[in-house]
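Note sheet for the following structure.
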Amino acid sequence: MTFPSEVIAMRRDLHSFPETAFLEYRTASIVAARLTELGYSVRVGPEIMCMDDVRGLPSQEDIHSAQNAALANGAAPCWLEKMPDGQTAVCGEIKRGAGPVLALRFDMDALPVHESASGNHRPVVDGFASECEGRMHACGHDGHTAIGLAVAEKLSHPNAEWKGTLRLIFQPAEEGGRGAQPVVSSGLLDDVDIFLATHVGCQLPSGQIALTADGFLWAEKWNVTFTGQAAHAAMCPEEGRNALLAAAIAIPGLYALPRDGQSDTRINVGLLQAGRTRNVIADHAYLELELRASTHEGLSRLTASARRTLQGAALTQGVEATIDVYGTAISAASDPEIMERLRDAVCFTKGGSIVQSWPIGGGDDATFMMQRVQDRGGKAGYCLFGSDITAPHHASLFDFDETVLQTAVMVLSRFVELSS
Amino acid sequence: MTFPSEVIAMRRDLHSFPETAFLEYRTASIVAARLTELGYSVRVGPEIMCMDDVRGLPSQEDIHSAQNAALANGAAPCWLEKMPDGQTAVCGEIKRGAGPVLALRFDMDALPVHESASGNHRPVVDGFASECEGRMHACGHDGHTAIGLAVAEKLSHPNAEWKGTLRLIFQPAEEGGRGAQPVVSSGLLDDVDIFLATHVGCQLPSGQIALTADGFLWAEKWNVTFTGQAAHAAMCPEEGRNALLAAAIAIPGLYALPRDGQSDTRINVGLLQAGRTRNVIADHAYLELELRASTHEGLSRLTASARRTLQGAALTQGVEATIDVYGTAISAASDPEIMERLRDAVCFTKGGSIVQSWPIGGGDDATFMMQRVQDRGGKAGYCLFGSDITAPHHASLFDFDETVLQTAVMVLSRFVELSS
Amino acid sequence: MTFPSEVIAMRRDLHSFPETAFLEYRTASIVAARLTELGYSVRVGPEIMCMDDVRGLPSQEDIHSAQNAALANGAAPCWLEKMPDGQTAVCGEIKRGAGPVLALRFDMDALPVHESASGNHRPVVDGFASECEGRMHACGHDGHTAIGLAVAEKLSHPNAEWKGTLRLIFQPAEEGGRGAQPVVSSGLLDDVDIFLATHVGCQLPSGQIALTADGFLWAEKWNVTFTGQAAHAAMCPEEGRNALLAAAIAIPGLYALPRDGQSDTRINVGLLQAGRTRNVIADHAYLELELRASTHEGLSRLTASARRTLQGAALTQGVEATIDVYGTAISAASDPEIMERLRDAVCFTKGGSIVQSWPIGGGDDATFMMQRVQDRGGKAGYCLFGSDITAPHHASLFDFDETVLQTAVMVLSRFVELSS
Amino acid sequence: MTFPSEVIAMRRDLHSFPETAFLEYRTASIVAARLTELGYSVRVGPEIMCMDDVRGLPSQEDIHSAQNAALANGAAPCWLEKMPDGQTAVCGEIKRGAGPVLALRFDMDALPVHESASGNHRPVVDGFASECEGRMHACGHDGHTAIGLAVAEKLSHPNAEWKGTLRLIFQPAEEGGRGAQPVVSSGLLDDVDIFLATHVGCQLPSGQIALTADGFLWAEKWNVTFTGQAAHAAMCPEEGRNALLAAAIAIPGLYALPRDGQSDTRINVGLLQAGRTRNVIADHAYLELELRASTHEGLSRLTASARRTLQGAALTQGVEATIDVYGTAISAASDPEIMERLRDAVCFTKGGSIVQSWPIGGGDDATFMMQRVQDRGGKAGYCLFGSDITAPHHASLFDFDETVLQTAVMVLSRFVELSS
């Protein structure tokens, strides 16, 4: 590998073809092919995912469409066949004699965000902007996957100084927090001794590395439906029961739920679809929302208030509200041992200045993996690689300082060596 | 024609295949074929529609899809070819020597409403419910078209007692008020001496006939877009500008616009789509709404207030609101001469008890045709045929008493005879 | 009486000292004194009011304060003594042999509105603006009382051409609709054969007289209380249950209640008081609102929806809502006999051009008197005297064209003569 | 002093006569008299307050009324005379030779909260509940004042081991954050070497003492007025511009302002008064609100968004919004030297278990005093004395564990001794 040009090239290639949750067919195929080429034993799809409790799988139609697009953009058919039904996780493994089981997690999915076409946006200027209308790598997972593949290359080299079992996990569907759980349920983490997940950016400046992320929030993700009664909006509006209006009344009420003196909270209604046509009182509204809190108790208070708000808004219009809990997220803490070893890896590689802890600012379902490892007696951690960003994560002008790629590859590789 | 079974059968056939605005390909083909068969000279599509100012045409994709579905359900290819680009109007004409130009208007389009699957809903019980998911004849236009074809048959009979020119106009896209104007713009109404449009139901009980409808409302139909700024909903919600929340704040504000002491008003937001995904602050929201008032001044006041409300809601979130005036509707009054002739026709046919005037309750863009006829010196009217209904117009349980079909055919045919 | 200067002077004097509902002590004293002077037998207070069901009486403190102010501004103590507890109705009666019982109703109360201090406002220019901060004759009742006294003078003249019993009723508390019912309950209307109430203005231009008012609305007046839980707004906002926020959520919901296809409706929340201090979550909110509809059924629908909206808003915040029905209003129709006699009176006096009917636009609890008279076999009516106004009724710039005063006196006097 | 019965008795006496901001006449008189009695040189009112920038002073009427009530309940006239215009601060000073200037701050004001009358509420059970309808010591300042007087007694004793200048500052109007600034402006803090302020409760359990409070929030307090146009709510609602509705739309919008990823925020609208009477569109609304954030930047973002929300809500109704910035609060941090000395004082007195830092949860304008001391080269601190509470601060059932009183007296006295 010519460094850093190749890892940058890989990141840019992935950036051009963003794929959203459970539809990462091209990305996963590239990962699987590359890991195989490097000598890893590769497992994909049903071998390492148990989908029983997964919510929000895309439709078969969307899956087929994603598979076809992946094929048209260079994915290998042999890998696609092994990833039915949105099961796009990939795991590469090498054993080098006795020693601990060492696992790193990388995530691959993009977001349903329109990438900016601005002339100030480097992916536009340098020609690697999204070629997929309405989808964008706006969170840096393109970088994560590229880092993972470069780490794979580096540690597969004969003179890499580690022993034991190395397991590189490429996870789908981190956005929405749905991809980690099926991997955990498959048992892939059960024998892991050392686990590390990572993220770039997160408002941490270039040149800094946080030994742990804090501020993982507890979360629930809800899909809410209001069902009312249609009626002619001019002839007999009084006969209708207005689901759209109920939703509109609920929404400011949700954002207005009380701040909590003992817990940091977040609320967002990210999607709303209601009604059909202009001159009919809307009999249907559908919302997707998430509620987060820094403590379990805070989340309990928040969800109780949110239920009340939704039911109250429904009552104002005489409509029915149904709440479907679509997903959850949990918090997790890095083990001190992991943080110490990371510190050493950063020092050894001169990777940058060290920050003890930095807020993740959102969530990452790698916490389900961390919790599993810790529950089974292993040690787990989550670190952040600082990288100046051009816009907030998830914004259409998001881009990051690519020098982080090389840094992360060096530090993570050394971390594995120091941990074995 | 075996009466009334054939007109009922035709209505039920049309009910099974509801087609929404500008996509009435199967319906229009059936109408054109039947009129031709009865000896009418038939003009369709571009011959009688000038689409320059039409808003809200379906996409080419939707048009092709509707054409294919129409062909699959028995539409004749020869007629479809003559109706490109959603131009589905049909006009049948017969001349019988000197005499007035007599025109009747029938509308053909259905609504984007899910038909009830209830065991109490007669279309379900008798097997003629919508076969098209998400579309329904929930306003009676299936009946109107069936009436029009039966009138066509009756007046084409050699012993029908009329002379002059008879013009039967089958209009698309009455819902949304977009289909009449292109027909008017084509000049089809310019030489009409006597014009009559009609509606069934409208809360007028079975057995009653209203010589005119009143309460046509002035209206504007708006498409509104809010554009904000996306951001990660947990990491940096303060960086976002929330278009979904702006829309939610606007909506109760719109419904809450003041009642008007001098004008009856109506407001409805019938469609709302906002945001993309749960954990991103929504940067986009789209609304379809309509504003109606019984006077032109009332509508002016209402639209001014609604603009203020939308801009104010946008300001609360620092987002941009753009308002696209998608359509308009006007009021119109029946000429007394038309009402007198209708009275005579009802009496002659023993068609039912007469009501001088009855509120239309909504609108009908036949008013554009009425205005054109009246502006050019002709006489125009709009009458209602009472028919008990099972649910409000536009509701998913809507159905009407089919005995109105025969009544309307008899009265309208006699009206034409008396008018010539 | 020097005409019209005296009636104008009386109106202006009353305008300077506006007194709100059940506090019309100065006005009532002036009326009682003047009627006595003219030879009428005068009954006041408890003699003609049965207060059992009256709601919203002012506090004893406010009553004492109003009595003191009335005394300070020229009210006669002898009359005040006879009007305890806000019982400020006055009735003057003269009998002239056998004949019908003829009753006219005039209302005396002002509004809690700040009168404009604008240099364009005639009461300011001509020096008769309100001397009572926060109170104003903004509805014309000052004119009504002045008209009543001038009619009293005119009909007390020996050559006035009538016989029977003449009863001139000066009612308190028309605003809020609370003053008529106690007068009705006293039995004062039970033997009335001919009853007429009247209003000036109401958007009817100067020079026009409407033989009846239409559009009296059915109404309910509610006082609503939300009760929540206080908490420190910064330390533990999550412990609070926010009554102020519940009220704020309810209010747009109330104004947004659906327009009714079969009934003209009105909604207003005219007063809201909530919370105590900035840094405490408000545990209390109080609203005064009114709901009106042109039909009894429409009002039933509206009140049902409003209850749902208030309870739903309460539920969103986990607070309690209690609804107190504070008052009601009913509709009423003028008898044709009354309208005919009015027509004759207008023609005889050349009082102006006649309009058959004109919308009252609001309400008047004279309808309770009309209903009582009609229930007991008498005939009742309500007419409007046109008068150009400078601002809507109840606005701080309201003023009316005083030429209406003379017209009303002439027409009403002649109406009595023609009715006897 | 018989300990702890006297300090408890003093607290209970003060609890019975709660006085709100700038009206603490009885409390201040008692404090001044007692300090004098103990040998302190006492300054009050204008000597130690510079009122130029104070906002929200009570009206002269309220001040007179408070003074009269204070006199009626035992205040000494000689002290009242020295506290004109709400200037109720009191400072007692003793000099004991050379040494540092040592200052402690105690606050005296109560809240406009109704005290619970519940049989479970100890002030009710033990007969010291508020005798002043609508006012309550619901934050513990009664305890603070009692502690201050007991400390005064203890340190005035000849064998108290300190030297230098001791200055005990009894501040008015801590609630609302208006009382500290005028004391600072008078120069009273300019020469202070060691400053300590304190609070009881704050969710810190009995038996614990926090060496510093954290989480002081930056804050702005706003008074907002909406001005619209009145109109008759039934006759011509369309003529009105509804200030009450604008306020109602603004309020959920304010609570719904985005959580901030970089700053903890708080929002409360604690008071709302709008409209006058039921059947008039409200032309006036008045709100009192506060905005808080843990960082200066967070507060800037919050106030910018809140302005936009208020102006946007005003625009929806075509009304005017004016924002008056009524008060501000700043953050502050304790100096480590103060914390160390406190630790020693706690250990020496066996005062309880030590907590390094505990969130204040709200604010305290003692931060203005702390900042002044620190700006001038002195050292300042803020500590919390744990005390189990029966309900959140500011709630009507608030009460605290009185054992804290003795603990605080002991620790604060020892702190002074250790600091000199």
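Some points to look at:
Order of writing sets the chain letters: A, B, C and D. Residues in each chain are counted from 1.
Simple rule for what comes next: a residue touches a chain if its C-beta (ideal position, glycine included) is under 8 Å from a C-beta of that chain, and two chains touch if they have at least 3 such contacts.
As the structure is a computational prediction, the values presented were derived from the model and not from experiment.
With contact taken as defined at the outset, chain B and chain D are each touched by A, C. Against reference pair B-D, the listed pairs A-D, C-D or A-C yield one interface repeat, A-C (criterion: more than half of contact pairs the same by residue number). If you average the CA atoms of chain A and of chain B, the two centres end up 47 Å from each other. Annotation: 66 Å between the Cα-based centres of chain A and chain C. Distance between chain B and chain C, defined via averaged C-alpha coordinates, is recorded as 46 Å. Contacts with at least two other chains are made by residues 232, 234-237, 239-240, 245, 249-250, 252-253, 255-256, 258-259, 261, 266, 281, 361 of chain B. Residues 111-113, 134, 139, 175-176, 202-203, 217, 219, 221, 229-237, 239-240, 244-245, 247-252, 255, 266, 268-283, 285, 288-290, 292, 360-363, 392-396 of chain B are the ones touching chain A in the complex.
Looking at the complex, you find that chain D touches chain A at residues 252-259, 261, 264-267, 359, 361. In the complex of the two chains, the chain B residues touching chain D come out as 232, 234-240, 242, 245, 249-250, 252-253, 256, 258-263, 281, 298, 301, 305, 308-309, 311-318.
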